[in-house]
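Two complexes are shown next, each including chain A; its partner changes from chain B in the first to chain C in the second.
What follows is the complex of A and B.
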């Protein structure tokens, strides 16, 4: 018998209603400037980690806000906390603290060291 | 002209001041129009073509010059308004050189200053050759040639939007409104001079809110092949052969982007003019969070200050294009005529 190669694909949609946005809420609460991001990408442009690895702080922030936590978790350790992104941000977001808080929130909500 | 006609001092001889002065003069009011430079016209004098129709700015200047020649207007160049003091129902206006006028009403039309791009140090203005401002590009257009400092015709150019606007780091949270359309217009005009030039606009949002702006944007893509990259430029550096290196994120591709260009144009934003700021401080006029003059009411009193008898016109209140500036100035003149009539000093 030929195999037709059909299988179930996971939907690509961001299921906004089902996604867990507790991590994002935690950051909004402790670093309100997180709400000011307009996804201009200045942080990602200046980011050393982003220039050499698959990491965009802009994308990281968007994924956080959408509750795409598995994708965020995979990127959590990319940041080296140099803080250059803060200097570039035109909206005054404390980007460094956003990542710091994200790591903290995952520890709280996942219940383990991420 | 009646013997006892009212007298209005207008501070600023740009588009707003002249338009308002013209309307006041035509209704029989005496106007003293004070301008800091030797020629009237303000920023229009430095501009080549205006958006969205790319007409020559000199056509608008010549319209304004005709207004100034009215017999009721006394044009005083090379002078500024330093302070306005209320004296009963009239005002004592002190000039920068120490002169003084008595006025029944005062109109402030002191306009804007272009953002000083050296303050955005990471873009290299004043540090690297060939990083220029949008205003400097207009001068190149007027002079008929676009060349690098080394005398070469640039073949690849970048335009950086929002320089000094929407930027917490320079203290300007507001959008200057006109820089997006200026970038589009200038990109098209560069192509008129250098037909094979490749041009890249780096933007955060394309704000094409004015009449015919969006159509101009479309034309820039369709007929001129202008490229638009969504990403705020984080920094500019220079290569070993003295080309400029632009760094941004290509946010729509989701990857960092690096590009070498021969020339970089910074779309400088608008700030309240230094003269306007000082005048406001000396005269007790309110300014907003954006440091522009704050009107008495955002919706139905944008031409009025909170001091009865002192009025505002044009870009001293907010970034505004020429069309809106002229309309705003007409509104100011109408308010002043109304005010003088209601206080018994004008019956025209």
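What follows is the complex of A and C.
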């Protein structure tokens, strides 16, 4: 920037060929009910953590399917595993297990767990 | 029946290109950045094909860059173009050959304006007469110089010394064709194949043995965009457009980018250097960048001209990897030598050199 007086903006296009969908695939494999999600947002609406932080399971679902994992990684730690989201889900998704598996998948694929 | 139908439809996309007797109007920036291109065009048409091409040294800029930057009013640019037509009339020519795609778009826009608003034509005649005492006629044929090379592409192929084929593997070279937006996107009927199926460059590539690369952002702007570039703070838009286009073509591993527009050639060439300097990204294979050539330079290489006489050393991205692939023999000592053998200064930070 200093050298040229202008800078390069990256395209905001979501590139499915480049994005890493391993986290979503891992969750689908171990918790198939995750595929039933219709992204209604009931889980996010009832979430205690989401009331005070940027935690939103509905948003995680969209981001993980796109492979935009970086936005999910840090926010996952906000979940307290209270399980209210399971009670709210109209599709019977085991949402608490989804969060658990997502954390596990990040540990495995980030190289922190074998 | 089907082929007849498609042939008939395709004929609607064709354009009549004059065969001889051209009034040639040069580009402003090509003479600085790609000085061999226009020279090749004139030499090829005059000496090899025996065509009549006339140039008038009184021809000026079309003021297109100023027009697109909103500092030249439309009435002014119409009068400037009218003066060029007056020069053509005075020389006795009726076919105009335009070297620049920006100018070509301007000429087309003004002809269409005069067609739909005849009062503007009459006003322009008056402005020109009052200012210069000149009168003008409308051209019978308007062609971009890439149209003319396209028209004679098979003559070039018949006399080819080198084809667009990798000498070592025997595979056709993968060539990205990039057509300037102002060539046919504004007034499609002025371009070969219109805006939907522009054939002007892909026709040359196919005739000379190459393979045209079809990639997602094939019709995306090169990034020049006038206003994006002319204000320094906005140049990030220009650069980002170019990066988007090159990122899209990169997986197809093109050997060459072929363009017909001065701005496109300049920006696709020089922005590759800038992006490399900014974040180290390159778009060719093995960390190289992709050479960007004009159609005249490529035609010259195919015909066996010395690459340094064509001015390839004036590009930011050097063409040696392409020359090696095509099997073109060259003497590196000629690269920065004048005709009388004197050493010219050697630029720093060249890519692919």
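Here, the second predicted complex is superposed on the first by the 107 of 114 C-alpha atoms of A that agree within 3 Å, B and C clash if a C-alpha of one lies under 4 Å from a C-alpha of the other, contacts with A are read in each partner's own complex, and residues count from 1 in each chain.
We adopt the following convention: a contact is a pair of C-beta atoms (placed from the backbone, for glycine too) under 8 Å apart; a residue touches a chain by one contact, two chains touch by 3 or more.
Just so we're clear, the structure is a prediction, and the values are computed from it rather than from any experiment.
Chemist: For the three-chain arrangement built by superposition, which of chain B and chain C touches the greater number of chain A residues?
Modeler: Touched residues of chain A are more numerous for B.
Chemist: Answer with first, second, both or neither: which of chain B and chain C does A:6 touch in the superposed model?
Modeler: A:6 contacts chain C only, not chain B.
Chemist: Have a look at where A:76 lands relative to chain B and chain C in the superposition and call it first, second, both or neither.
Modeler: Touch status of A:76: no partner.
Chemist: Scan A:50 for contacts with chain B and chain C and give back first, second, both or neither.
Modeler: Touch status of A:50: first partner only.
Chemist: Taking the superposition on A as described, I'd like to know which of chain B and chain C A:90 touches: first, second, both or neither.
Modeler: first
Chemist: What is the shared patch of chain A, the residues that chain B and chain C both contact?
Modeler: Touching chain B and chain C on chain A: no residues.
Chemist: Can you list the residues on chain C that touch chain A in the complex?
Modeler: Chain C reaches chain A through residues 232-237, 239-240, 243-244, 247, 274-275, 277-279.
Chemist: Note which residues of chain A are touching chain B in the complex, please.
Modeler: 38-47, 50-51, 56, 58-59, 87-92
Chemist: Residues of chain B touching chain A in their complex?
Modeler: 122, 162, 166-169, 204-205, 230-235, 247-251, 254-257
Chemist: Please give the residue numbers of chain A that touch chain C in the complex, ascending.
Modeler: Contacts found on chain A: 3-11.
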